[in-house]
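What follows is a short report on a single structure.
We just call them A, B and C in the order they show up, numbering each chain from 1.
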Amino acid sequence: MTLPEYIASRFDMLAFQAVQHASMVAQCLLVAAAVGVGLGILVHRDERATALATGATSVLFTIPSLAMLGLLIAPLGLGVAPSVTAIVLYALLPVLRNTIVGLNGVDPALVEAARGIGMSRSRVLLRVQLPLAWPVILTGLRVAAQLAMGIGAIAAFVSGPGLGDQIFSGLARIGAANALNATLVGTLGIVLMALLFDALFVLIGKLTTSRGIRSHA
Amino acid sequence: MSAVGTPAARTGGGPAAAPLGAGWRTLLTPAGVLLAAVATVAYTQAADLDSTEARSLNLPHIAAKTWEHVGLTAVSTLLVLAIAVPLGVLVSRRWMRWSTPAVLAVANIGQSAPPVGVIVLLAIAVGIGFWPAVVALVLYGMLPALRNTMVGLREVDPALVEAARGIGMSAWRVLVRVELPLAVPVILAGVRTTVVHNVGVAGLAAFINGGGLGELVVSGVNTSRVATLVVGSVLIALLALLVDWIAGVVTAALRPKGL
Amino acid sequence: MPETTTAHPQTLAALAAEDGGTAGVPIELIGVSKRFGSADPVVDDLTMTVPAGEIVVLLGPSGCGKTTTMRMINRLIEPTSGRILIGGLDARAQQPDQLRRHIGYVIQQAGLFPHMTVAGNIAQVPLMLGWDRRRIARRVDELLELVGLDPAEYRDRYPRRLSGGQQQRVGVARALAADPPVLLMDEPFGALDPITRENLQEELLRLQGELSKTIVFVTHDVDEALRLGDRIAILGAGSRIVQFGTPEEILAEPADPSVEQFVGGGSSMKLLKLTRVRDVALDDAVRARPGDDVADLRRRLHEAARDWAVVLDEEERPLRWVGREDLAGGSGPVGVLPSAAGSRIDTVISGGSTLQEAVEALLNADREVVPVVGRHGRYVGAVTLATVRQAIQEVRQRRQPARHVRADGAGTAVPAASGGVPDTAALAGAAEAGAADEADAR
């Protein structure tokens, strides 16, 4: 069976797994964005809190995905829970770090000016700091999305959802008829979705970044 | 601290982008890691294990798997260094500059391929065992080192290259005396990413009989033995932290003074 | 030096070895053009000669091709056509890297290698020339002294720990490492603050006084060009030479309105800064000795139609002014006259002082005259406001104004076309001495 035939014969299931994969990644990113940006806002003023938060997330980040999943199975069991938790934890570091860097990268003179015309702290954050830091934060989300896609593949090993299932069913049938097709579909499908997500983020960046600070108009 | 996503740091993509918390982690990390490793191994000896668990969690077996894991990581990292840095230098030469965007695009796309997919594909293409796993690790680990070599060389201030040419250095001498030393921090950051990556990806080698601590995790999941699974996971995690620390220390030591 | 000395050196390296490397050599650009792609040429058929041992400034707006012109001399850019001769040798016939090791090169912000110490930076060219360790170490210390940095303190520092001015000093030291006959400087002081810049310009002139290199200096700063250049080439688009001449010529007689505009207004003030006292016709006061008879002096003043005389000691050093009113009714030696307030001379200027400094001294003095002294403080003449006005007018009228004679006598002395200035001969001696006195000119 050729690759197109393989895809055609299982199109419904593959489409379902692809959507599942994408939706898992998207939801994890939303959680990571909320937690990462929120945490970043909380700690970015305080040097020690910043060091603690980035230190802790980078330790998490250093732990290989297989080990992380293994550790999460113990309390959470198999399935969606450990997969989603692992992805969120990995996605946290790029989002958090870029939020802090982005916020601290805003010209202090601008913050000063905003305070000077009578904006409250929260208004300065909302109207000045976050919009200016947004491109950097978005880049962090992009990196996080790429990571999440790849880690999503291993999730199938702990019975998680997504296209990883194709890879592991290929692995299980090495030597058999459709092993290569299944693995290829899984791997290339994830690459393709990663590229789509990346393009999506570029688009979001174009649409949501103030025209005044876009690097190339 | 640098943002994830700036050219140099994006390759780092995480822990290797900057020597994080160089102060408080310097000796705490290896001490903590070793302590945790000893505790984990001691647990396997003291706990009441069934025969399946005992088969995986006896001392010689754990030592053998750890050694295999280190071997996979070390061999693949050395190969990556031997291939990626010269290749990065080559495509950064002026007469090869045209290839930079293409190489970076390939590297970026390659990076988004899930490592487990790459490993399984190699097993199908080449067979199972240690060496196919090493090939997969090299392929996957190449990208950060290659990209950082290119980025590091590209970011050397052109005025300095100009000055070096201006005082009569040959192209080769400019590369060895000026460009490479100045690119070293970025290149090393890439190598650090590679080696930490490789510790993780080496865990996946277990799927294709490549050995390593991943075997404990895989057999733990397959036989529903949580103890085996957790011990394997903990040891991989500790190894990754330790390797990251060592790479960080080496990076700091090799960084040219004056920068 | 490993190179064997041949009768006719074929490379700049051999030439430098033969000369001991010290003296500057001329640079000739003959019909040089450079075009990138099919666009208009950046440098279009440029022909000019940089005389040996002179500082020639390429001055022009950004984008006029002055940097490209300079970089063709050390072949960082290859000319599309034309010939470049350095010391009479074709630059293209030599291996570029070898060539560059004998052409000092200084760029903006110094371009020091941040991963090497100060000594490491300076040692690069000697290393490539295969000098031994001891000789390099000696040379490094020598150069650091030369550019005014204490070797013990700065040798092992990294560039990061130097100020901008110090970095540029090291940059100059690095360029001078192999004692090249030619120095190319590409806006070297452009990124420095005005005070540091002025200090380094002064230092460069001092160094050039000692070394007499041939220096091509690129800048877009008119004042810098006027200050440093023995000659200035004002370049227009395509490196077309709009005017090539001494600073005085350019100020006094701009080739066209564009130059006039570029050089800017206040050119009289600029001329004051540029013209040295030794180059102008001095006034001469009636000279007197403390032992001279008052009545006799009164008669001499009357004959010379002057109101005052300068009293000199045995060493010819000016002591005080005496006016007709001081002498009126007195008798006996001049030395015993009661000294009137303000007649004591405590402000003198030297031949090396600029006219601007002379004017300043005049404004601060109690008399409308300031004595000029030469070697050992000997009186050689006097400057009044009339002298200054006359001098500026003459510079403007002269087609070929007198070049000031270099302190070391090595510069090209252009014959003084105007001639006939009575004190020129006396000042030639004063000029030599003047250089040493410049520091305490005021």
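Observations on the model:
The rule is simple: a contact is a pair of C-beta atoms (placed from the backbone, for glycine too) under 8 Å apart; a residue touches a chain by one contact, two chains touch by 3 or more.
Note that the coordinates shown come from a computational prediction; the quantities given were computed from them, not determined experimentally.
Shared contacts of chain B and chain C, meaning chains that touch the two of them, come down to nothing at all. Taking the mean of each chain's C-alpha atoms, the chain whose centre lies closest to the overall C-alpha mean is B. Centroid to centroid, with C-alpha atoms defining each point, chain B and chain C lie 59 Å apart. Chain geometry summary: the mean Cα position of chain A and that of chain C are 65 Å apart. With centres taken as mean Cα positions, chain B sits 21 Å from chain A.
The set of chain C residues that touch two or more partner chains is empty. Taken together, the chain A residues at the contact with chain B in this complex read 50-51, 54-55, 58-59, 61-71, 73-74, 78, 93-94, 97-98, 100-102, 105, 136, 139-140, 142-143, 146-147, 149-154, 157-158, 164, 167-168, 170-171, 174, 179-180, 183-184, 186-187, 190-191, 194-195, 198. Put simply, chain C touches chain B in their complex at residues 74, 76, 97-103, 105, 107-109, 111-117, 124-125, 128, 158-160, 174-175, 184.
Looking at the complex, you find that chain B touches chain C at residues 159-160, 162-170, 173, 177-178, 181-182, 256-259. Residues 1-5, 10, 13-15, 20-21, 24-25, 109, 111-118, 120-121, 123-124, 128, 196, 199-201, 203-204, 207-208, 214, 217, 220-221, 226, 229-230, 232-234, 236-237, 240-241, 244 of chain B are the ones that touch chain A when the two sit in their complex.
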